[in-house]
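Chain IDs A, B, C, D and E follow the sequence of writing; residue 1 opens each chain.
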Amino acid sequence: MSQNIKVTKRPVNSLKHALYLPAIAAGVKVTFKHFFKNISDINAVETLRYPEEQPTDISDRYRGLHRLTHRQDGSEACVACFMCATACPSNCIFIEAEEREDGLDEKRPKSFFIDTLECVFCGYCVEACPCDAIRMDTGIFSLTGNKREDFVMDKEQLLSHKGAFGEELSRARS
Amino acid sequence: MSFSFSQENLEKIAALKKRYPSPKALCLPCLWLVQYQEGYISLDAIDAISEQTTIPPMEVYRVATFYTMFHLEKREKLQVDVCKTLSCKLCGADDILQHLESKDVTINHVECLGSCGTAPVMQINDKNYENLTIEKVESILEELL
Amino acid sequence: MRECKIVSKKFHLPNSHTLSVARKNGGYEALEKLKEYSPTQIVAIIKASGLRGKGGGGASAGEKWELMPQNSEKPSFLVVNCDESEPGTFKDRQIISYDPHLLIEGIIITCYAIKAKQAYIYIRGEYKEYQDILQGAIDEAYGAGLLNACDITIHRGAGAYICGEKSALLESLEGKRGHPRLKPKQKEPEWYFGNPTLVNNVETIASVPFIVQNGAEAYRAFGTQKSPGTLLFAMSGHINTPGVYEAEFGTNMLEYIEQYGGGVKNGKKLKAVIPGGVSCGVLTAKECEGLTLDYEALRAVGSTLGTGGMIVMDADTSMPEVLKNILEFYHEESCGQCTPCREGSGWSDKIMKRVLDGEGSKEDLEKLFELADTMNGKTICVFAPSISIVLLSFLTKFRKEFEALVL
Amino acid sequence: MSSSAIVVVIISFTLGTLLALLTIPMLVWMERRVASLIQDRVGPNRTNIFGFRLGGIVQSFADVVKLLLKEEYYPAHIKTGRWLFMFAPIITFVAALLAFMAIPFADTLNINGELLRIQPLPIDFGVFWYLAIGAVGVLGVIFGGWMSHNKYALLGAARAGSMVISYELPLGLSILSFIITYDTIDFNAMVHFQTGTFFGFLPAWGIFIQPLASIILIIALFAETNRNPFTVAEGESEIVAGYMTEHTAMKFAMYFMGEYVAMNTASAVIITMVFGGYQLPYFATEELLQHFTAFAVVMMLVLALFIYGFIKWMQKNNRVTKRLSNDGGRAFETRFFTIAFIVMGVVLELILLYLAFISQSDLERSISVAVVQVAIFVMKLMLFNLFFIIIRWTLPRFRYDQVQTLGWKYLLPLSLVNIFITALVVVGVSL
Amino acid sequence: MSRVVDIIIDGENYRAEENSLLIDLLIQEGIKVPYFCYHETLGADGNCRMCMVGIEGQKRPQIACDTLVKEGMVVNTKSDTIREVRKNILELELINHPVDCPTCDQAGECSLQDFYMEYGLHNSKITIAQKVKHDKAIDLGANVMLDQERCVLCARCTRFTAEITKTHELGIVGRGDDAKVTTMPGRTLENDYAMNVVDLCPVGALTSKDFRFAQRVWFLESSEGICHGCAKGCNIFIDHNKLKYKDDTIYRFRPRRNDAVNGFFICDAGRLSYKELQEMRQESATLHGREISQEAAKEAFHNLLLLHQNSIAVVIDANLYTEEIESIINFANTIDAKIYAPLDIYKDASFADEMLKSSMRAANYKTIENLGITTSTPQNATLIINCNHPQEFRADATINFFTHRRETQALTLPIAAYTESSGSLTNEDNITQYSKQAVFKNSPLPTISDYLQGLGYE
């Protein structure tokens, strides 16, 4: 333990440090360097010219818009256990449960809303789901709408989202 | 389809009642009587037993499901209970069972019938058939079917 | 090895089940002694004889009789346990079919000793044929006026191994499911509808007339110091002449098998013996060498004498299959009252099935060991501990055969 | 008052107003663009009117439109003093705007012997004006924060108020040093004082004459304008948005723009007091008038070179990367502006040519010099605004206690010492 | 009364009655002991084998529910062996459990879950295909749903129907690992206390059809209240929850243990009474069936009082809290009104039984009696102020304080229901109990005493 401790010496309390101004100058030098380099050739700046250019480096771990996965027969994998709603730090998942009649399970969501305006995209719901029913693998990173209501995703919308990285069906509920 | 004990059985029950400190003890004897009378134990019969023994119907039902020899459903075919426990298995019960597969009977794989010394053994209608061989099974079934 | 016939004296006689044959051969003579002895004296004689319960546990019968109150306001009952369901055991069947009057005589004496007016014979449901013989004998006895002092009622079970356990048997006799009762906190008799009750095995009761007639010492002349008397040992499995043969305690096992059983079938080598019904730990051929048949000697090799029903297996027997068969039996027969037995019996059976199907792994065997540990001593009755003993004896003594399956 | 005087007053007032207001979008744009360039980004460059993007400056106008059209929202919990809540940002904005009006943009214009100040408010006590009006701005902040009935807003207001108190003192004391040195409270006279050289080679700028007071002045003005590293009043990490947490739409825009106007004013004051104001270094107004032809020729050369350089730069940079097929009309914009700049350059060259060689009118020459001085002033102003911006994107924010420590423990004693030394030197020199 | 003896549990001294059950002491002292089958009212059955403890001098662990306290007993509940034993037995309980917690309403208040977190936390050794399958979601009737797979066969429910209600509807049939709880084929669970088996069930085998899928229990807030269904005054938990953007809603009533009043149980009628409590509420003041503002109502109230001076009768509902009744009496005295509380309407002999149901369907009628309020119907009054009394009275004018909407033309003021306010009640056995406010509505309704205060009385 003790050999892992790295003792960093405090900067000497010299006049140079106390004055701040040299440090400010050094900082300004750095910013100026970038400023002049970029102003002389702005296209050398490596940025993505969105929206003409779309990102190509979204990994399968990227937390995009949510979706509800399906079972083999196309019905929802969700059993309305409320684990996602419980785990949700921003309380943006609203579920109502009902009896499921097809015998695959006992319970299913009657309604399932995610208020994406309240959502912080932390992915806890995906972690919490025992049925692999909710995922954030759609790769959808931009969501637009004209009204607040447009951002409240209902069950049908969530089910209609496609996974961007293969694997359409729930792994836990077949 | 309601059930009522036959007169003969009612007399038997009355006689048995004197032998036990409580009518509750008659649960098993009554179930046997029902099974012999009807061939199986119907829910109506359970109610009738309940009446005789003062045990609630559910308790009678529970007792009936506990013991393997009581049947809650009508059984059509000839019932052949073949012992498959260790001694019989060691003496070739598997061959007998395999042979019976082709017959028009219901085969019940039952546990030890208490005839280990005369294994393999099967029981049909309370009668034991011991020291079975395939030929013996053939002749027994021929006689019964 | 000397011949000794205390219980099986009349077995070989034709029509031995009839009263006349029984009378001719000394039946009901012990009843004369009842005029000499008081009930407590009879209990003392039984205790002095060292008669041990022959249903498997081997507890002293006399001590049990002593627990019965002599001056109780409540009626006392005698229950004869004829629910002989232990695989490999079929001795009580011999008694009730070949010498039922011996049993009736024993019951009369016992009822006298414990002041019971009512005796029940709880017979297993599968013994319908033998029940009829016994019923015939009882009717004869009634007819002869022998049963004035007590009534004997045959109570037929309906196929539940657990009803051989005395408290489960009483539950069943009370018209309930055969669930064993919680152990009593102190030494006390059994209770039947709240009345003191004695529960003894058929053979134990059948041994009583001899003791009463000839005295405790005559009985002690047989057997060993700690296990006096005789037992109807049974043999089945891979043996030339299977059957029930009475022998005294302390008889050499292999000699017994050779002499009565005619040796292993087809002249094969002996592989293993289950000494007293499947609930006893299995013995390898090596362990059987020089082993005497008494409670103490078998306990010394980590098994029990049980009911004395030996199952003999020859060298070609697959031990995993034997174990599977026994586990199937337990799975089927567990009463399902308490958790370790209910779930453990089924689970061990399923694991064993996996192993036999070739889908098992080493962990499965480990699981069986753990299960055996969990089932041992944590249940209401001794059903689950028996599974545990069987599992452990098979798995440790024939480990190689099991490991061959999972590799 | 003569008609020419009225014309000059109107022109300079218009100039001042335009300079103050039109620089807002410019400064917002600059802030964004400079920030992005410093951070290796591109910055706003998409908004356009008929394809004209003006390097992204259109974005600022779009934002103004957006803020104007936003819902005028009042928090429901504000039950009393709603008018003050609404009025507060206006105070800040107007105060900063008025303070700017005392700054001279060019030297006094001599029209037919009449001396006319090129100053929106032709007053000779500009320093006092600035000190008086400039300090009112913080009232808007305090009112706004207080009337918001919001703890974060109140905390922000309290921070702003206490910071202004801590920094008004060093500010005033450092200005006092300048007053002692320059012996005037007139901005124009101050600029005059800074004409010429110091020790023969340095321009006689305040920064060289009064280096300590200059630095204190600059630091104090950074604090006064609530600019980084003194943005504790709106420290997002602790108090959401400080005093403007509850302000939305145009009310927020007022604060926002007020900050830029204040920054602009601060820059103007610093330039005027420390960096020689509208004056070209080394060249006084009189010298320019005397050697006007030579000056005009130099101007013609500089202008030509500048326009050439600018067009080249524009052609290089007003493009999109090769990765994109569609350039959104930038090639057209570049072509248009290339032509426009050439035309403009030619016109300016011709005017200069006319002034240098054909025109003999003194009035025309002095107006030309005034125009050049205005241009120089604007250039200096923008450079100093750029400095403000660069500092903002370079330095992290001070902690609140550090702000107070700096103000009270360092700047105040230093400025006092500086007054003492200045007084000694001034008295010593005059003896 | 038997002897009190000293025993040592986990190294600490405790005192307990000799020959009492060890598990009772453990539960009472808050010493963690897992158990399924034991229940204070149902006694020991000894079938779950979870409550194993070590007892010095015994070579094997013993079940605490079948161990009697003896002088000088040394008990160990925390040793590694005991933990291991509990873990192993728990694992056996879980072997045939479907582990469908996501769809199980019991999740969150399930003993299996709790014990698993405490003692298990192991990986399952069984594959799903090997589990014993039983029926799921069987409607037993009486609002009880049965899931045989989740059952741990503790037999609490069957013992409840056998010993408490003596109706014997439920039983464990079959044997071995095929054993399951069921009713007789074609017969249903039907007794007035049936839903108590839902509370008794330590796992999710028996769940309430009424509460099925309504809420997850961990969202619910439990408040202590008193049932107003009859004069018995059963103690209940009021489980309610205020969902985001919604109002505070009650989802179920659960019995709360009080040995002096109701023991562990409540009747089904009381349990389901939360429903009508929340329906058809009077939410604003009405006059001639039309909504009016609070101010207008106030004015109308004063006008009516002035108009009918000296001829006013106040009728008090026998379900109101004592505090309310007292403030109404005060008010009546100030305006010189007569006070009535007719009790006949509450009498319902068909409701009564010998367990928990009383024939008097008014929670606080004892207070009315104790205070000596006239129990006849009001006579000769021109104005009747009806404080939520269920009966309708004839008079020239009426002022109603109602919790629930009724057909009336008179001035009606909405008041808070009993779950929305707190107060004391005296039950038929003269036991006074306090009921806490459970529900906090987004826009709370005042109580009658709030009104009277607001109107300038008191």
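The working rule: a contact is a pair of C-beta atoms (placed from the backbone, for glycine too) under 8 Å apart; a residue touches a chain by one contact, two chains touch by 3 or more.
Source: prediction; values computed, not measured.
Visitor: Return the chains shared as contacts by chain B and chain D, ordered by label.
Guide: Common contact partners of chain B and chain D, which must touch each of the two, are absent.
Visitor: What shortest step count links chain A and chain D in the network of chain contacts?
Guide: Tracing touching chains, the least step count from chain A to chain D comes to 1.
Visitor: Let me check something: if the centre of a chain is the mean of its CA atoms, which chain is farthest from chain C?
Guide: Taking each chain's C-alpha mean as its centre, the farthest from chain C is D.
Visitor: If you average the CA atoms of chain D and of chain E, how many Å lie between those two points?
Guide: 73
Visitor: Measuring from the mean C-alpha position of chain C to the mean C-alpha position of chain D, what distance in angstrom results?
Guide: Here the centre of chain D sits 110 Å away from the centre of chain C.
Visitor: What's the distance between the Cα centroids of chain A and chain E, rounded to whole Å?
Guide: Chain centroid spacing, chain A to chain E, equals 43 Å.
Visitor: Suppose each chain is reduced to the average of its Cα coordinates; what separation in Å results between chain A and chain B?
Guide: Once rounded, the distance between the two centres reads 67 Å.
Visitor: Among all residues of chain B, which ones touch two or more of the remaining chains?
Guide: Correct list: 59, 62, 66.
Visitor: Every touching chain pair, please?
Guide: A-D, A-E, B-C, B-E, C-E
Visitor: What residues of chain B sit close enough to touch chain E in their complex?
Guide: The contact residues of chain B facing chain E are 43, 46, 56-59, 61-62, 65-66.
Visitor: Residues of chain A touching chain E in their complex?
Guide: Interface residues on chain A, with respect to chain E: 79-83, 86, 91, 94, 97-99, 105-107, 130-131.
Visitor: Could you list, by residue number, the parts of chain C that touch chain E in their complex?
Guide: Against chain E, the touching part of chain C is residues 160, 177, 182-183, 185, 331-340, 342-347, 350, 363, 367, 370, 373-374, 377-380.
Visitor: For the complex, give me every residue of chain A touching chain D.
Guide: 21, 24, 27-28, 30-32, 34-35, 38-43, 45-47, 49, 52-53
Visitor: In the complex, go through chain E and note every residue touching chain B.
Guide: Its residues touching chain B are 161-162, 168-175, 183-186.
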